[in-house]
Amino acid sequence: MMKPNKRKFEEGFFKLLMGVSTILVIGILLLIIGTIVWKSLAVFKLSMILRTPQGGYYLGKEGGILNAIVGSFYLASGATVISIFLSLPIVLYLNLYTKKSSAASLLTRFSFDVLWGVPSIVYGAFGFIIMIFLGLRASLLAGMVTVALLELPIMSRAMDEVVRMVPLELQDASYSLGATKLETALKVVVRQSLPGILTAILLAFGRGIGDAASVLFTAGFSDRIPTSLSQPAATLPLAIFFQLGTPFPEVQERAYASAAILTMIILLISIVSRVLIKRYTKHLVR
Amino acid sequence: MGSKMEFQTHISIKNLNVYYSSEFVLKNINLDIPDKKITVIIGPSGCGKTTLLKSLNRLLDPVNGVRVEGKVFVDRENIYESMTEVTHIRKKMGLLSQRPQVLPMSIYDNVAYGPRIHGNKEKSKLDIIVEHYLKVAGLWDEVKSRLSQPASRLSMGQQQRLCLARGLAVEPEIILGDEPTSALDPQSSQNVERRLIELKTDYTIIVVTHILRQAKRIADYIAFLYLGELVEHGPAQEIFENPRDPRTKAYLTGEIS
Amino acid sequence: MKERRRLRLLKDLLARRVMFLLTAVPGLVVLLMIFGLFQKSRPILAVKSVSDLLFSLSWHPLKGEFGFLPFIMGTLWVTFVALILAVPVSLLTAIYLSEYAPKFIREYTKPVIDLLAGIPSVVYGVWGVLVVVPLVGNRLSPLFGVYSSGYCVLSGGIVLAIMILPTIIHVSQEVFSTVPYEIREASLSLGATRWETTKHVVLRKGLQGIIAAVVLGLSRAFGETMAVLMVVGNVAKVPKSIFDGAYPLPALIANNYGEMLSVPLYDSALLLAALILLFVVLSFNILARYILIKAEKKAE
């Protein structure tokens, strides 16, 4: 009867390891958010989010990161909008107009896979090359285009996953009423997969607003809130990076608060997309 | 019941109730399964036949949301007693599923899997076991020259016989069959049925099927399950010739299916 | 009515054409990216041989020396440490969630993992500076009798490991879910324990998928820039231990874009680095996809 004990022991041992791992993963998340929030509480002042940096901000003087907050929102929104105008038509085309095995479909999906894996610093480098090629300077527009490229595969993949689940019978029902493909696409398919599409957009937005490497070369940085597309724009991730990089501890501490703000924005987006999914799933045709 | 069949009881099911998320799947089942005979559970699909089978080797345990109440005595031991060792019970029962589920390993390793797990690691002993049970399942001649090939390369019928060999290799006392031939061609089905009949001299066999003709061919004892209730049970001949309950009559004549 | 119908059909046709054109965009971007980076790298490739660039240890742009080896080694060191830390934890967690955990635990950990994946790189970097660097510098390195400021390979590896956990966990879970439930039943009904079933059946069947998951995690680790940059020390030498500083390839590109245009050939060198990074990451990704597709085909 020794054997069962050895087997039980092995199972118990691994179950313990598994439990520890899972708790570790959850614990790390809590630790990260907790540390950032806790450290930022000491430093946080309302003026941080309401004011732009006054001269010498990075040397310890007055001001806030309003420039970066607004800059990031402008940039990420613009990038996301550009990305929607690319992703949605492409995904609809792939799912409604082509067969899964057609050359266009395979090539495009393969390209998306490739783009999905490209590190954001390479997007930044590429964006930089384009900028130089077109004679542009580091600006809001250049940043928007670069981040749009970054968001494209993320948004497309997420959208594709939802749109491809729309049942064929539903599409056929629309066609048999005499609708054109375009009408079916916009009025039936999109409506059916709307929660998923919105989630895809939010997901891409969250990625875009948090990324630093892609805007490092392309969006520049500025103490002011940009008033036109050709001006450089400050972004939250870069603001955090620069604040942390100064030799002044008071400024370094501000980095924690900025990081907390960015994390809160991401958390908010995550919660909103979950709520959206729950609410709009009522209208779906099953 | 007035059955003319004398038998020893191998499994005794008492007041078995199975719920899935507060809905009844099996209601108050009381059934004695005869030793070394083929008991066939018949009934329309979705009526709990497979659940009943799985409750016998406690395969319902890992399923989320399932609750089992009642007692199942195997050789006078209640398998649902909290102290009993689940792997020990499962070892007593071999399961033949609807679709052959070969393990992702060679033909040899499939049959040797059970014995290895239960402690038998000597190659010479395992060789004997593998050969013996492949012969019992009627598969030895077809595979003896390619034992190290992946089991997935076999045909469906061969795979099902491999599963039979694998299940027998752990030396169970009871064989459970969940629609064991429904995925097979007629030739392989016949093959499997013949094996089961041969095996009943040494094993108690419980088969679930929705094919009445199959039941007529192999059953010694019948249990009719309808909508989760055990409507009627008894020796096969009695049930087929003289069903008492109107529902049984209706099922046998094909009115309900 | 006829007019209206013609208008609708015209709209449909126009939309179709536009969509078709747009569908060419992703492919174009890929090609442009490779082409663009290559073009920009040509100046330096014309002057220095590939082996010179890849295997030389000296990095002195002002003197015109561009040896990438320290950075390649730096990347390898950090990635290796990250994998050693991340793979066991991810696999164990994925197995637990897929084979053992009750439904509600699975549901509540999914948002946790998604959140870990969504935290921006800079935030990881800040946290790394706050928590990991002091931990490594003040607690861990003395244990080994080494002096370290904490800005080293180990810190980079730890932060990177946490960042690739969600990738490996997610893909592994998906792989496990493709293993049919009945095969687990077959093993259990032979009297195997749950762990034996996992070990001999699920992991065996899913082995290829797990390898793909790890490769994907690896490629993510390679390209990760900001977080690692902030904690790894940025010392342009080949690390001799995990407590030494290092300078991974992405960090090189990120840190020096400012001087890029003022020193001759510097921009070309950095963009060559970007090209190398792109190729390595792409190869890993394609490899992983290939393995996954092969595994799917086998399952049919």
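Chains: A, B and C, in written order; residue numbering restarts at 1 for each.
Definition applied: contacts are C-beta pairs under 8 Å (C-beta built on N, C-alpha and C of every residue); 3 or more make two chains touch, one makes a residue touch a chain.
Predicted model only: the values in this text are computed from it and were never measured.
For chain A, the chain with the farthest CA centroid is B. Averaging the CA coordinates per chain and comparing them to the mean over all protein CA atoms picks out C as nearest. Computed from the mean C-alpha positions, the centre of chain B lies at a distance of 48 Å from the centre of chain C. Here the spacing of chain A and chain B, counted between their Cα centres, is 53 Å.
Look at where the CA atoms of chain A average out and do the same for chain C: the two points lie 16 Å apart. The multi-chain contact residues of chain C, meaning those touching 2 or more other chains, are 193-194, 196. Taken residue by residue, chain A touches two or more other chains at 7, whereas all remaining positions touch fewer. The multi-chain contact residues of chain B, meaning those touching 2 or more other chains, are 87-88, 117-118. Of all residues in chain C, only 102-103, 180, 182-183, 185-194, 196, 200-201, 204-205 touch chain B in the complex they form.
Taken together, the chain A residues at the contact with chain C in this complex read 7-8, 10-11, 14-15, 17-22, 24-26, 28-29, 31-32, 35-36, 39, 86, 89-90, 92-94, 97, 104, 107-108, 111-122, 124-126, 128-130, 133, 149, 152-153, 156, 180-183, 185, 206-207, 209-213, 216-217, 237, 240-241, 244, 255-256, 259, 262-263, 266-267, 270, 274. Interface of chain C with chain A (complex): residues 8-9, 11-12, 15-16, 18-20, 22-27, 29-30, 32-33, 36-37, 40, 88-90, 92-93, 95-97, 100-101, 109, 111-116, 118-127, 129-131, 162, 165, 169, 193-196, 219, 222-226, 230, 250, 253-254, 257, 270-271, 274, 277-278, 281-282, 284-286, 289.
Taken together, the chain B residues at the contact with chain C in this complex read 57, 59, 62, 64-65, 87-88, 90-91, 93-95, 97, 99, 101, 103-105, 113-114, 117-118, 163, 166-167, 170, 176.
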